């Protein structure tokens, strides 16, 4: 297999973008990525698009072709493929793009993620997001997506030392980072009190424990490492790509508070890259809810089970801590356009490794991304490194 | 939520009927037609669960999708049936009474409704045992 | 890249399967394919699932993980990925599976396709299928999926010699083949009169010009060719895999009656395989409507534009003609569970190349499949050969 | 069909407003913000189409989705505007009068309705010119 590098990245601002359509969003992200890689569209060989639910959000399927068309690539007839794994759709699109380049099947490949969530009502959105979990045996019983993560939180807090304040600190930290990220949906710092006084959504999770409803798109461009320098002075190498699955329903998991798919994919990723935890300088984890970040840090092996709350309180995961987690602001503060999130994580790590992260820049040579579908039925992990 | 595909599992939903692999003795709820341990050597038969179990974890849903909004706040839990398998279900009890380790038993109740069609869904809820 | 072979195939019967759920369908197809390859599930490395619109048909997304789980593979945590390109979803799943094996990323890979269409009303189904085309600028104006193909038919008949009877003969031939296929939705032969006296759906297309609403699933198992003989005496080699895109809206195409994505993908496939049209012994083409088969034969280059009607009338594409087309009965008679169709095409060609096609067996060493998404915005073509 | 995302293109739908690339002179309808010929060198401006054109192909829809069922049978066509771009639209005429090559002009009409919400969609249809 060929070594693969990221040669260009682009991302829209995230938020409730009433004036932007689905088509506007991905065109903007794609154009930014092309410009970044100094490419015209002509050189693109293939396109992979991560999207969770355009069928329900905007009543449009077949968006691989739609995107190729509106990106002006129809006359080139390039292959364009949508991949879906709920909130992990973006990460899987990136992984398919890696496979296409690594196999030699394609050369210059775009991996994009896009979600337009604000064209339907909030009630319909709750309903659509629940389709990421087991519709027949969770959703039918009244389970919402926040409700499922709330049950993880309750189980966790019953078994491990995690205070409500430590959980809130995850949101506080991520808003601190988001306030330093020009694309973030929320640009304001918050306090622990803000979280604790926000309304309960599903006990013990409150509104500020939850990622928001977001419109947005992100795109990255991949090429064989051997030719990457033709396009950019700062190619970022893909060191590992790992994916794992688990039961669709939370109640069927071996352990409610451990995402085994994260554990498995994490092990595979470290093994592939030949690296240990000390080699990782930053991690973008899937904090769709604050408890998600706590579990991720542990399940990835950065500490033992039950320690992540204290780690967070101690500032280890803060922007300039020993292990910065979610420098972008994470899903919590940067926003969570579901299909785009996995690509935005790559975008953030690439900016950090290139030294282009502005006010939130840290020193980093290697970064990891962790993208979760549903309550952990799909996990996809990537490790990237500066060249 | 359209109704069509839910009638298929009505006996299972109404009466907690799952399955059991006689080859290895594992119980399944929701019912499975395929035993992941025994695979082709498995032998699956129907099994009526006794309907008693223990709360593993729970939450109180305060913001719901349209079809459950009428019921908020309601208690949702993961329950381990005494035979082994776990399921997600509502518990009919005041939110403050729900707790991890709570013993519960099944009852037949209204689950939700389809706002558009007005059709009401029934199924198994749990109450304190 | 490694050579890739199909080592096992399985398919449910196709039809309106009221008693079978989405989950039942793919479990049945998967179990049949495993049995065929003499495998337990243990050896499976990865899963790719083609599905158009479970989000709308059964309100469930994230079906890659769902399928891995219900196939009993959750404890193995294998990567499972859904790919979608409307009616070409199955063909794309097969292509991703090929890439995974060819790159060396995976070894034993399942490519499956599944669609459960009969859980919603016919009106909702028309609506959902229209989401394969341009929702905003075709569907919004009242375009149905049959209506779009009807406009292709009108344009074609205005410019080329194709009689209404020749068009009907496509359906007659495919029902003849379907009557010899135990999995086909329609098992009865029909006459030209049956077609011509059926009700108009969208002029000039009548009910019997259209493929039906179908439930079904199909699965195939791939492995590197070098180890394929460990699993089967009759591995079938993948000789080419090609995919192309075009504008999402029919009105934006260069030529209404030519599917340029078919032309492009066809050229690429022949080039990859190093074969000419004479080397192909049978073709499964995407006859979602009778006019689709006419265009496909021409756009794939088996004859020049305008000749396919006469070819069909002359019996060239019949079961024992010079170029048998849709020996399975095609989408028309075998049925069209959208996401499963592309995999069912592979299933049919594999059976034919192995000599296991029963009453519809022909002599064949190489076969082609042609799977179309929407009105031609995605086309994926495969060539398979006996070893 | 939910309405939310359609209001965004109302001016375009009501008045046949598309776009034009001043770099190469190409016209676009539906409007595009990106010229596939000129790419980054393109320059896109709004353009109000004159609203006359020719039928390239057509059909008569007799089975429709729920929201268009009230209108069946109706004529649907691909029309080439005189400026070049093609679009899909309904023609208000008896089915037997529709033909390839027919000259048509735009009119403002009801297009469809959302059965669930009762909201009516308007837009451009065409009539014989």
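Order of writing sets the chain letters: A, B, C and D. Residues in each chain are counted from 1.
In this text, a contact is a pair of C-beta atoms (placed from the backbone, for glycine too) under 8 Å apart; a residue touches a chain by one contact, two chains touch by 3 or more.
If you're wondering where the values come from, they're calculated on a predicted model, not measured in any experiment.
**Student:** Between chain B and chain D, what is the separation of their C-alpha centroids in Å?
**Tutor:** That gives a centre separation of 49 Å.
**Student:** Would you mind pulling out the distance in Å between where the CA atoms of chain A average out and where those of chain B do?
**Tutor:** Here chain A and chain B have centroids separated by 31 Å.
**Student:** Using the average of all C-alpha atoms in each chain as its centre, how far is it in Å between chain B and chain C?
**Tutor:** Each chain's C-alpha centroid was found; their separation is 38 Å.
**Student:** Can you tell me which residues of chain B touch two or more of the remaining chains?
**Tutor:** Residues 1, 5, 9.
**Student:** Any chance you could list the residues of chain A touching two or more other chains?
**Tutor:** Chain A, residues with two or more chain partners: 58-59, 70, 73-75, 124, 127, 134, 136, 139, 249, 252.
**Student:** What topology does the chain touch graph have (line, ring, star, complete, other)?
**Tutor:** It is other, because the touches fit no line, ring, star or complete pattern.
**Student:** For this structure, give each pair of chains that are touching.
**Tutor:** A-B, A-C, A-D, B-C, C-D
**Student:** For chain A, which residues are in contact with chain D within the complex?
**Tutor:** Listed in rising order, the residues of chain A that touch chain D are 19, 21-22, 24, 27, 31, 34-35, 40-42, 58-59, 70-75, 116, 118-120, 124.
**Student:** Please name which positions on chain C make contact with chain A in the complex.
**Tutor:** Residues 1, 52-53, 55-56, 58-62, 64-66, 68-70, 73-75, 77-86, 92, 95-96, 99-100, 102-105, 127-128, 131-136, 139, 243-249, 252, 254, 260-261, 264-265, 373-374, 377-378, 380 of chain C touch chain A in their complex.
**Student:** Could you please specify the touching residues of chain B with respect to chain A in the complex?
**Tutor:** 1, 5-6, 9, 13, 30, 56-69, 71, 74, 76-78, 86-90, 95, 100, 111-112, 121, 123
**Student:** Quick check on the complex: what are the chain C residues that touch chain D?
**Tutor:** It is residues 121, 123-124, 126-127, 130, 134, 136-144, 146-147, 150-155, 158, 199-205, 249-252, 256 of chain C that touch chain D.
**Student:** Within the complex, which stretch of chain B touches chain C?
**Tutor:** 1-2, 4-5, 8-9, 32-36, 39-40
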